[in-house]
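Paired with subunit B in one complex and with subunit C in the other, subunit A is shared by the two complexes that follow.
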Partner chain A sequence: MRSGRTWHDRHLGYLFVLPATLMLVAVLIFPAFLTLKFSVTPEGGSGWNLTLIHYQNAFRDPVLLQTFKNTFSFVAWSLVGHFVLGLGLAMALNQALPGQTFFRLVALIPWTIPDVVAGIIFRWFLNPVSGAMNPLIRTFIPSFPADFSWLSNPTLAFPSVIFANVWRGYPLVMVMLLAGLMAIPRELYEAAEVDGAGRLKQFFHVTLPGLSTIILIALALDMVWEFRRFALVLTMTGGGPGTLTEVLSTLVYKTYFQFFTFEYASAMAILMSVVLFILSLPYIILVGRER
Partner chain B sequence: MKGMAHGSAKQERRLDAVMSYALLTLSALFALLPVAWMLSTSLKTEAEALSLPVRWIPKQATLQAYGEMWTLKPFGLYFWNSIVVSGVTALLSTAVGALAGYGFSRFRFRLRTTLMAGFLATQMISGVLVIGPYFQILAAVDLYNTLTGLIIAYVTICLPFAAWMSKGYFDSIPKELDEAGLVDGASRLQIFLRIIMPIAVPGTVTTLLFAFLLAWQDLLWALCLISIDEKRTVTLGVAFTVGEFIIKWPMLTAASLIGSLPTIILYLFLQRFYVEGLARGAVKG
Partner chain C sequence: MRRKTTLWVNLAIVGIAVLLAAGPAAAQVKIRFQTWHWNEKPVFFALEAFQQEFNKANPGIEVVRDDSRYADKETVYIAQSQAKAAADIAHFLHRAIPLLAERGYLMDLTPFIEREGGQKFLAQWDQNALETCKYKGKIYCLNDYVNPLALLYNTQHFKEAGLDPNKPPTNPAELLDVAKKLTRAGRYGMGLIGSRQEGLFMRFNPFFWGAGAEYLTPDNKRSALDTPEALEGFRFYVELFTKHKVVPPGVIEQGAQEVRTQIALEKVSMEVGVIQAPLIYAAINPNMKVNEVMAAAAIPSGKKRVSTVEYGMRVISAFTKHPEEAWKVYKAWVSKDVQLRNFKIYGVMSARLDVKNSPEIANHKFAKIFAAQAPYGKIEPLIPEWPKIGDATITAVQEGFSGVKTPEQALKDLHIATNRALGSQ
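Now for the complex of A and B:
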């Protein structure tokens, strides 16, 4: 009986885990290796006649370099927006004021809207002729042009996409930080008050240290998600005007399925994933350390 | 002196409350305006949606667009496809994920931590890394343009978080129950199915709903694996409508809103579980 149990514990576990593992290998791991192989295969070639030409091209490709830059600033500004709005709102909600449940649910709504739809909403909201944005601005600044075209303006198209993405993504950071804030014991604030610490000091000496882990987890996770963001950009601008709002996901998608240069697209996908892997290390380490 | 300090603290608190309400009201406007604009457009006639000056409240609200989406475009079919794909994905990924979660929770095998870390790491993979070859594989086995091909992809994407989430729930169920079952001569699989799963129903339902939502919202995989109209999902239908030369905005906004209802309702209900899961490694992108 006893040895049977030990055998079970050693080997039966594999049987339970096997179906999921096989599916992950078949649908994610194996295709990922194929992508890697495509990326070193000459265009239209097959077999094991390998080349690094696609990577050499990639490093000289101005569109790809521009898209990397775009993606980084997309991620960075989205994170800043999510964090500032998320922390501000979480602190406002944490005061247990009357009506806070209502405000929390309303603040969560952008998060519940699928990416595809969020892109469409903003495309229509910013429409130069019949959209809501220009009339809204003109109620405050009457001299603002009535037909200002946000998404075809080379300077403002990209900030507009980031704006939409801030709208879409701040609620999740907010709820995570709110959960963190609620876990900070009130006594810590009372003790700080007795010590004569003002609001600002309390914020820096009680709130921020108490939140540090959850802030890191939230931002580490958000970074990965924003780096992969696809549907919002695709439906809002499709990457345009030109390639000004292109991000890596949309560029790789187009290179595969619109330009049909499979091998080059694979090299791009690999480069993107290497960066993504580096960006996801913080989350994996943080979650690993937590348990 | 003490009274003064008390008074100023009270004042500060009132100021906090005023500032909080100001911030909350502004943010509520920020959150709601785009959605309200979509709702308003969906209640307009096409002529009014394009007429100037722009109105927030339709002059004559109409449900016309909510009718047109089923007749001018086959949104009924798109919804049916989405329901099938998301429903099957939810059931399969939760079942297979729960098996793995039970394995991780109850057995101490050699590759356990490695595999768990591996599952976690696969959640970070971007779909665009694997979509090209996956598309070719599906085409080779005649599953391109089928809901089955899409379901296999979604189930796999959902597996890691389903496994991690269910492991969390199983960990909270005492192991003594398993041991009592073993003493009674039940097999491990019987114990899993008859003793543990019934207790884990609330957690399982949450996992089901999250998997459903993930499949429901996806655009990337559907876009790359489906090219015929009869197999389009709601997100795909919406995305194609916005790409058309002449966009019927009332119909598009109506379809977008109806298509968002499942996610709006379920996410508002599930938000707490979601946040708990994130901190534990059950990530759903």
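Now for the complex of A and C:
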């Protein structure tokens, strides 16, 4: 068999992937290498005089440690919100109801809105002077304070940002779960019904096991994306009050472009990438197994 | 064969046409003039007038528009500089100069200035302003505007509250008293900035410095935030909102534009603002008779008379391919005629003494008050660590506003963060 293939046949494939590979090297590997090099370069230094001082500083930096905690919390609560809302809506939209396509499209709208726009919308919506949230609540609870502050409140600022992020990001999980739900054979539900299983039992014994792989993939992907969430937080709170809503991506941005400490920001970015890689391992393994 | 020949002939014709079309343009040097103002009226009119006038008078040079955004002007410039493709001329405020100079992104203007007459040439500028252009013995810019801040207040609200509009507050205690009287009927006495932006320092610093406080020790090596004066100034600013409630709710969400909007919509009676603010009020609320209703006064800063000041400047990129042409554009922009026209179009006060002391400014209702604040203008320490210290200051003020920490604790943590930023912990 092998003898029938020419050198040309055997190596043509490499030629085809060469442009994409070069592109990857130019836009991904080269910048990643530069960031890595920056992260081990002394501040303001150049060449190959390397140091690990920025990593040492990172582990001692209380703001960075607080930001890591904030980021994990932000990601965890966003994931819970995306999953609950995404699954609930996916199940509702999987029903054979009139206007099903229309509702599916409407449910996707938040996904089409850019982060910056979503951040500005929610910032205005929650503004205590000119926003719509307080008047809306007051139509149902007239005693609710007209000037209630959401984003200035240390207890509510973070949940407010998560709320906005849940609204903005649930459609991705919803779409993936909806696709998973549509792939579960009807016969399984019919068989469960014949066996006397109610709606709840069907959900736990048919729906959830049928969706398990999709749920894992959806949440793994969502986790990686939420870990990098940037513009929404920046436009809504800028990380405040204080550093209560600061997340890693906004801190790296600030450190690089506002504090001009490129080397330290690069070290932070590398640490963030390492954490992201570890977090995405389940997804990588799962996809590997599927293949 | 014939098809191939036709193809080559066509390609040759297109090539010659492209070369002919590109010929005259190649002789024209394009100077990218970067600012966040290209999309802002009325500043845009001043830029457009300059661009058209310069291009007409200098056929070999073309000033071309290059947009940045106020919030990420440094971000854009750094990214472009790292690629050695920054705009030839770019617009910044004084805080960015040491950082950009330290990184080698700015052209040293000393040789050009020497050619123009050296010290005699520089003597035309406000010398305090010029200091912000100097870094490690080199001069990187010539300021084109100086923006001292003053107290802007609504005289109508003063009358309604039984206050004399000709007697604005002159110290923090009076300011608080007046603000309390003005806080009535859904209106608040004072607008403050609490959001994460440079404008916060401009409003916070007069009260902080006015109390006799300083950010750093005179040698800029250590934090000086552990003094009673620092606590007094910090507490005054924060407690206007937390204790005295003379500031609208959601102060952490309020930036300069939000406060101006509140003034324009008459929800707030006073603010510490810039010279252009009255024009902005009028643009937001055309029904407000700004010139009649609003008045300006010195900031009632406290023991020390202090005003914050913002210095605006253009820089020439260290990577420009056309330094001579860029300097020609630069010199034209900071010329007397252009600077005076800028004042007339958008109310900005030039750092050129012949414009700053001109009859146009001396006779202007608001400009003369703002001009009188310039000698009391003070700026934050011009050190590369400032952005980090400044950010920590905003964090502390926000923590104070939101009650996350007491003013004492917030200031104590700021003191530690400042020393950490200076590497002196």
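In this text, the second predicted complex is superposed on the first by the 283 of 291 C-alpha atoms of A that agree within 3 Å, B and C clash if a C-alpha of one lies under 4 Å from a C-alpha of the other, contacts with A are read in each partner's own complex, and residues count from 1 in each chain.
What we mean here is this: contacts are C-beta pairs under 8 Å (C-beta built on N, C-alpha and C of every residue); 3 or more make two chains touch, one makes a residue touch a chain.
Fair warning: this is a prediction, and the values are worked out from it, not measured in the lab.
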Following the overlay on subunit A, give me a clash-or-fit verdict for subunit B and subunit C.
clash
Which holds for A:187: it touches subunit B only (first), subunit C only (second), both, or neither?
neither
Considering only the touch criterion stated at the top, classify A:214 as touching first (subunit B), second (subunit C), both, or neither.
first
Quick check for you: in the superposed arrangement, does A:261 touch first (subunit B), second (subunit C), both or neither?
second
Larger residue footprint on subunit A, choosing between subunit B and subunit C, goes to B
For A:280, using the defined touch cut-off, is the partner it touches subunit B, subunit C, both, or neither? Pick first, second, both or neither.
first
After the superposition on A, what does A:113 contact: first (subunit B), second (subunit C), both or neither?
first
Between subunit B (first) and subunit C (second), which, if any, makes contact with A:167: first, second, both or neither?
first
In the superposed arrangement, which partner chain does A:129 touch: subunit B (first), subunit C (second), both, or neither?
both
Classify the contacts of A:97 with the two partner chains as first (subunit B alone), second (subunit C alone), both, or neither.
first
Superposition on A: which subunit B stretch among 222-230, 258-266 or 276-284 collides with subunit C?
222-230
Following superposition on chain A, which residues of subunit A contact subunit B and also contact subunit C?
123, 129, 238, 257
Which residues of subunit C touch subunit A in the complex?
72, 74-75, 78, 99, 102-103, 194-197, 248-253, 262, 267, 384, 387-388, 391, 394-396, 398-399, 401-405, 417
Subunit B contacts subunit A in the complex at 9, 12, 16-17, 19-21, 23-24, 27-28, 30-35, 37-38, 41, 49-54, 56, 96-97, 99-100, 102-104, 106-112, 115, 117-122, 124-137, 152-153, 155-157, 159-160, 163, 182, 188, 192, 216-217, 219-220, 223-224, 235, 238-239, 242-243, 249, 252-253, 256-257, 259-260, 263-265, 267-268, 271, 274-276, 278-281, 283, 285
Under the stated contact criterion, what part of subunit A meets subunit B in this complex?
5, 8-17, 19-21, 23-24, 26-32, 34-35, 38, 85, 88-89, 91-93, 95, 97, 100, 103, 105-117, 119-125, 129-132, 135-136, 167, 171, 175-176, 179, 193, 199, 214, 217, 221, 224-225, 227-228, 230-231, 234-235, 238, 248-249, 252-253, 256-257, 262, 265-266, 269-270, 272-273, 276-277, 280, 283-284, 287-288, 290-291
In their shared complex, subunit C is touched by residues of subunit A numbered 44, 63, 123, 127-129, 147-149, 151-154, 157, 237-244, 254, 257-261
